[in-house]
Amino acid sequence: MHHAGGDLTDAAPRAAARLVGELHARGPRVHCITNTVAQAYTANMLLAAGGVPSMTLSAEEIGGFVARADALLVNLGTFDAERRAATGVAIAAAHEHRRPWVLDPVFVDRSASRAAFARDLVRRGARVVRLNHAELTALADGATREDAMAYARATGVVVAVSGTADLITDGMRTIAIGNGHPLMARVTAMGCAGSALVAACLALEPDALMASAAALIALGVAGEIAAEKSAGPGSFAFHIIDALAALDAPTLMARAKVSA
Amino acid sequence: MHHAGGDLTDAAPRAAARLVGELHARGPRVHCITNTVAQAYTANMLLAAGGVPSMTLSAEEIGGFVARADALLVNLGTFDAERRAATGVAIAAAHEHRRPWVLDPVFVDRSASRAAFARDLVRRGARVVRLNHAELTALADGATREDAMAYARATGVVVAVSGTADLITDGMRTIAIGNGHPLMARVTAMGCAGSALVAACLALEPDALMASAAALIALGVAGEIAAEKSAGPGSFAFHIIDALAALDAPTLMARAKVSA
Amino acid sequence: MHHAGGDLTDAAPRAAARLVGELHARGPRVHCITNTVAQAYTANMLLAAGGVPSMTLSAEEIGGFVARADALLVNLGTFDAERRAATGVAIAAAHEHRRPWVLDPVFVDRSASRAAFARDLVRRGARVVRLNHAELTALADGATREDAMAYARATGVVVAVSGTADLITDGMRTIAIGNGHPLMARVTAMGCAGSALVAACLALEPDALMASAAALIALGVAGEIAAEKSAGPGSFAFHIIDALAALDAPTLMARAKVSA
């Protein structure tokens, strides 16, 4: 399972190259509890990558949807009573049916109650938590980017911190991914869609560090390709969908920027 | 009202050619109970075709919106308590004001309670039910595509089953529409938007079979035109809106692929 | 504070030119209570202009989000119990923390209860109300476009009425803005996004008439630039985002069409 640094920098691009093909071949179902701002864009990014999204939230139905899905995303943006209730049922179903799930604790730095809820979700067995630096600090009692490894070790969750380079750690291993483009921060729901791609990869790859790295390499490379064709954030938003749909193994192997 | 097979293959393209113009000229209002994933894309597709969408859901207001609309769409994606309540009020208003309405029973194959709700909606007077094969099987107790005609005859609803060819039947007449493109399945809410277009045509054309055929011919032809210009599902999603907005009668007459 | 007519026609383009730069430099946070149809497009338009959107609605959290924001938008589209409750808490927080807020009373012409709610919101201190002619008539007891100035004087709100020319008045001063393009009416949420841009400008410019004028000039000029590149409403929807992101002071000064 564990790789030395040098192995990781080889293994992550290879995982990305393999998983991008498998997503299209196997079409994993990803059930998404996500905010209404992000739902359509997340669905389109998943479809572009080969995944099959579903987004139902009602407490009555969501257990069945999760049971029939291959992975679950829990995104806390525009969080409300309905989503809170749905999350409880969905996580129970995920555990019962052994579906891996990803937590995206959007804006926990702006709401103490949301941060408390997110901490509880980490304890309940999220496989990956994907977030930015401010969210990590709010989630992990003042943790900096450098503390991510300790937090991952303490909680058992894989931590993926976005930034100029994405940092991914499971507490033992750490990978930095240098792909991406500033326009990605100018399109709403880009981070949410990235977390959904992590969930899709996690449906196919049990090593959560590798699944996370593969998804974020693919997203970052697609962003770089899209930026070359875009005249601004509006055109970038669709070019990255086209680029993600067209990604192939040679492109990923050639463009991945991974360091350990 | 009823046409022989040969007549239908002529009549359906002519209905599409006529209705595409009338939509722009008359701007029918379509009130949509639809899922949050599909709302914006559905609204933009309706606007492109000349319709005027509204999407309010609150039980207090929706009756008034339906009364002032020309047709109603009930889409069951991301179905929740609010939408269930809204649907009851909306259908009562539709019947009181004699507005036709279309049912899109999204994912009834994944939720038994949703399938039961959809069956009740068919009994309550939906004019058209638009769905895929798996949804038809869940709705109509194991029905296959070939059983659609019997189901339509038994329930009085026009059934439009999507697929490589769209099949539309009112229990007496059957039309198959061969237009469309595989990229249509790679954009979220494309089917939902198609059902909204059926509702828009139904506002202007009382023959529900012809209204459904016209909407699906228009959507399919727009999809073919868009695919010629697209580099993937991201660009396809907006090119089909442009193509739908620019559709004219000669294009539809030339490109419609209808068999009976 | 007050300008003569000639001053206003100079001052408004200059305000637009200045504020477009400041938005990118200062990145004001705009908290949006808006309908689910408009959320993603509104967020992308705000991001394109340099603003930082948030969209949380839960009554428990929204007070904290508004306290940390620089301006608030209250849009009444797809209004429901959750949004009603959120609005009360959000406005209380806006007053406590002295955040300016904008009201977009979508479709008050179609719902008497929504119109009554909107009238109460105007009394509770909205700085700007942005609406179309039918909505103004419903809000202000039969007021026509010509009555907007009297309504503004009576209520203390700045009124921005959309139309072939946008009319903006604070009851003392009136500006007409002739920028824009018919395709803007063919994209859902364009008006909602415009109101969000007014809120973003209001975060930086205390003169609500000037803030409104600046936002609507910027939006209209972006629309004109986008229309030159668009093949229909689908491509227009992203070209206007690109154009808004790229707007600069010389372009605004050259293209603004303002009369008093």
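In order of appearance the chains are A, B and C, and numbering begins at 1 in each one.
Note that in this section contacts are C-beta pairs under 8 Å (C-beta built on N, C-alpha and C of every residue); 3 or more make two chains touch, one makes a residue touch a chain.
From a predicted model like this one, the values you see are computed outputs, not experimental measurements.
Enquirer: Can you work out the rotation angle that lays chain B over chain C using Cα coordinates, in steps of 5 degrees?
Expert: 120
Enquirer: When chain A meets its copy chain C, do both sides use mostly the same residue numbers (more than half shared) or mostly different ones?
Expert: Mostly different residues: under half of the interface numbers shared.
Enquirer: Starting from the mean Cα coordinates of chain A and chain C, work out the distance between those two points in Å.
Expert: 34
Enquirer: Do you know which chain A residues sit against two or more other chains?
Expert: Within chain A, the residues that touch at least two other chains are 36, 40, 237-238.
Enquirer: Residues of chain C touching chain B in their complex?
Expert: Within the complex, chain C touches chain B at residues 35-38, 40-41, 77-81, 107, 110-114, 186-189, 230-235, 237-238.
Enquirer: Help me check something: in the complex, which residues belonging to chain A touch chain B?
Expert: On the chain A side, the touching residues are 36, 39-40, 43-44, 47-48, 53-58, 60-61, 64-65, 68, 82, 237-243, 245-246.
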